[in-house]
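Quick heads-up: structures coming right below.
The two complexes that follow have chain A in common; it is paired with chain B in the first and with chain C in the second.
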Partner chain A sequence: MELFIIFFSAALINNFVLSYFLGICPFIGVSNKTSSALSMGMATTFVMVITSIVSWLLWNLILVPFHIEYLQIPSFILVIASLVQFVEMVIKKVSQPLYRALGIFLPLITTNCAILGLALLASMRNYSLIESLVFGFGAGVGFTLALFIMSGIREELELTDVPLPFRGAPITLITAGLLALAFMGFAGMI
Partner chain B sequence: MEIIIAILTLGGLGFIFAGGLAFADKKLKVEENPLIAEVNQYLPNANCGGCGKAGCYDFAVNVVEGKIEINKCPVCNDEARNEIAKLLGQEISTTIKKIPIIHCQGGNSKANKKEVDYIGPKTCKTINLISGGENLCYYGCLGAGDCVNACQFGALLINNDGLPQVIEELCTGCGICVKSCPRNLIELHPIDRNIFVYCKNEDEPKKAKEVCDVACIGCGICARKSDGGIIMKNNLAIVVYDSLDISKIPIEKCSTGAIKKKELYN
Partner chain C sequence: MNKKSYSYEFVKGIWEINPIFKQILGMCPTLAVTVSVINGIAMALATTFVLVFSSFLISLIRKLIPNQVRIAAYIIIIASFVTITDLVMKAKFPEMSKSLGPFIPLIVVNCIILGRAEAFASKNNILKSLLDALGNGLGFLIGLILISSIRELLGSSSILGFKVLPNSFDPLIVMILPAGAFITFGLLMGFFNSLSLRKKESEKEKLIKKYSDKLIKSSNELVEN
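Then we have the complex of A and B:
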């Protein structure tokens, strides 16, 4: 039950993008097509899950026992950067068109604060290994969900007659704001 | 002591991840055909899109995969084409260079003006939308130089009479200017074609005479003598190059001089 709560709170109630406002860069950057948004979401979810495991191991087996907690951020970033490199290689191998569609946003997962935020939050809340794994997966699902909803809306927006001054970035940001408001509806469920 | 642990931890982590990535890089290496890069280096890299592909690199990929012919790139010179053909071990069929022909002679000295001044953005697209410009002719060149701005190679300029002129040596035949003209006055023709009707005016003969000194007024003299080399359509003579016999075209009979040989143009 505890795990369920962690999963849903990470995915919906405290959605990383729409409640914590972490990882806004790919949220705006890659959300113009549902297909690439989904792939981006999956790549980020993968990185999040592995990061939550590795960073838990790092935190509980090395950093805390040796009392070098102050190395938390650099070592977590090291983990994330290497993982993103790995994911990039895999995607390049598996699907060239996807690799080109994601473009610069793929290496930019490295600097996606949602992932560092996830690792820091998990260690701050003293989650167990299983808990932080579920937390990472929930956060990834929430991120994918937010990207997917946003890209769906943006695909529809392409077809609508938006007033000239609002075309492009402004209407996207307004949409993002309304979406965040809608997600506020989950607040207080748990 | 503490600093040594810190160094060892971060250094060790870095070492482990670097090793892992190096291993993964070996395992997951994408075999990219080295030919693509070599072909790409001979391409103009102007990314003009004249070949119909998304830029020069995409063209190189398609050429190497045999999906498109080398000479589909209109910008490459023969030297570059030969180099690419050598790389791929292909023969290329030589294509004749194409250059744009501007089908209007109604410069400031020839076209008759409305009694108005146009004040507004100086682009052909705007002028064409708003008022049709200062000229009475609604088919002719607007002279604001959208084609000149569109050309990435500096091969077009507006001459003293207010008409665009092609500098054949600089022109690569990419066809960007053709799309830029809101009145569709520019057409690509092989460089050895010699005879053109330099007018697109479809007005009735009387009106055509009024609006411009050098309009095709649709009299049809050229078409009657040409044996199918020229046909009349909407009061306009159109050259049919497939069935053209230049010797039969009575160029000198054209009362306005709308039909001309290329060397006599301007």
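Then we have the complex of A and C:
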């Protein structure tokens, strides 16, 4: 039950994009087309799940026992950067179609603050290994969901007559605001 | 453009390449911490600190870093300064550090800092990089103060904790919720876009007028001759 609550609160109630404001750059940048939004979401979810495991191991088995918690930020960012590189190589070796689908999105994930935010939040809340795994997966699902909905709306927006100064980022932000209001409805779920 | 002087490197960050409204960088902290003005100011000062010192250091050792590993080197430099900021904030301002939550450590992945390091500090001398970093930090500060004062004024009818609006004004709760951040930022960005569009338009008109006047004059002279 606890795990369900963690999953749903990460995916819907405290959606990473719409209520924690993590990962806004890809949210604005890659939400033009539904297909690329879906690929980006999947790649991010994948990296998030692996990051949540690795950062938990790093934090609980290395940083805390040796009392070097102050190295948290540099070590996490290094681990994420090398992890993304590693995942990219593995996918390239194992599955060519998946590599072609995720391709350019993988390197972009390193600078996605949602990944580092996820690792920091999980260590701040003292999650166990299973809990942080579920938290990572939930956050990824929430990110994908927000990105997918947004890209669907933006494909329709292309056809509308938006005032010139509002084209591009401003109208996307206002749409995201309305979407965030809609997502607040989930707050009553738990 | 011919005015690539030192003062220009500083001033351009405030309006011409304002990190928030023009470059659209560093959106996550912009949206997340602007619930109250004091949070916005603290965030902007922390970011400026990291920006200035990492720009300085990167510019100092820009010729020593091999090109292939420069991004990794920049990230390590930035991460060290962010750690310093985080620890100082935790020791000296524990309440502020708590209310900003994970957003102080997240300065590491703030695109403004890496963006300025890659686009400017890695190519220019120390003084220019320092001025550029200070200017961008100031632009970031101004943007954050603008957004956070609108949100705090309408959302909790106060500025910097002091009550400004009378009690008869019903605070718009939506402004302090996440949705308010997106909408305020979107409207402001649209407003600034329309300002710069209008400026461009008037410059175009001036140019057209200048040349059409010249044309009329010369044709008049031709007729007279």
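Convention: the second predicted complex is superposed on the first by the 166 of 190 C-alpha atoms of A that agree within 3 Å, B and C clash if a C-alpha of one lies under 4 Å from a C-alpha of the other, contacts with A are read in each partner's own complex, and residues count from 1 in each chain.
In this text, a contact is a pair of C-beta atoms (placed from the backbone, for glycine too) under 8 Å apart; a residue touches a chain by one contact, two chains touch by 3 or more.
All values derive from a computational prediction rather than experimental measurement.
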First, second, both or neither for A:Ile130, with chain B first and chain C second: neither
Larger contact residue set on chain A - chain B or chain C: C
A:Lys93 touches, of chain B and chain C: first, second, both or neither? first
Which superposed partner A:Pro165 touches (first chain B, second chain C, both, neither): second
First (chain B), second (chain C), both or neither touched by A:Gln85: first
Which superposed partner A:Pro74 touches (first chain B, second chain C, both, neither): both
Partner chain(s) touched by A:Ala187 [first = chain B, second = chain C, both, neither]: neither
Partner chain in contact with A:Ile174 - chain B first, chain C second, else both or neither: second
Contacts of A:Cys113 with chain B and chain C, given as first, second, both or neither: second
Interface residues of chain A shared between complexes with chain B and chain C: 71, 74, 78
Interface residues, chain A side, partner chain B - complex: 58, 62-63, 66-68, 71, 74-75, 78-79, 82, 85-86, 89-90, 92-93, 96
Chain C residues within the chain A interface of the complex: 24, 27-29, 31-32, 72, 75-76, 79-80, 82-83, 86-87, 102, 105-106, 108-111, 114, 174, 177-183, 185-187, 189-191, 193-194, 197
Chain C-facing residues of chain A, complex: 18-25, 28, 70-74, 77-78, 81, 111-113, 116-117, 120-121, 124, 163-166, 169-174, 176-178, 180-181, 184
List of chain B residues in touch with chain A within their complex: 2, 5-6, 9-10, 13-14, 17-18, 20-21, 24-25, 28-30
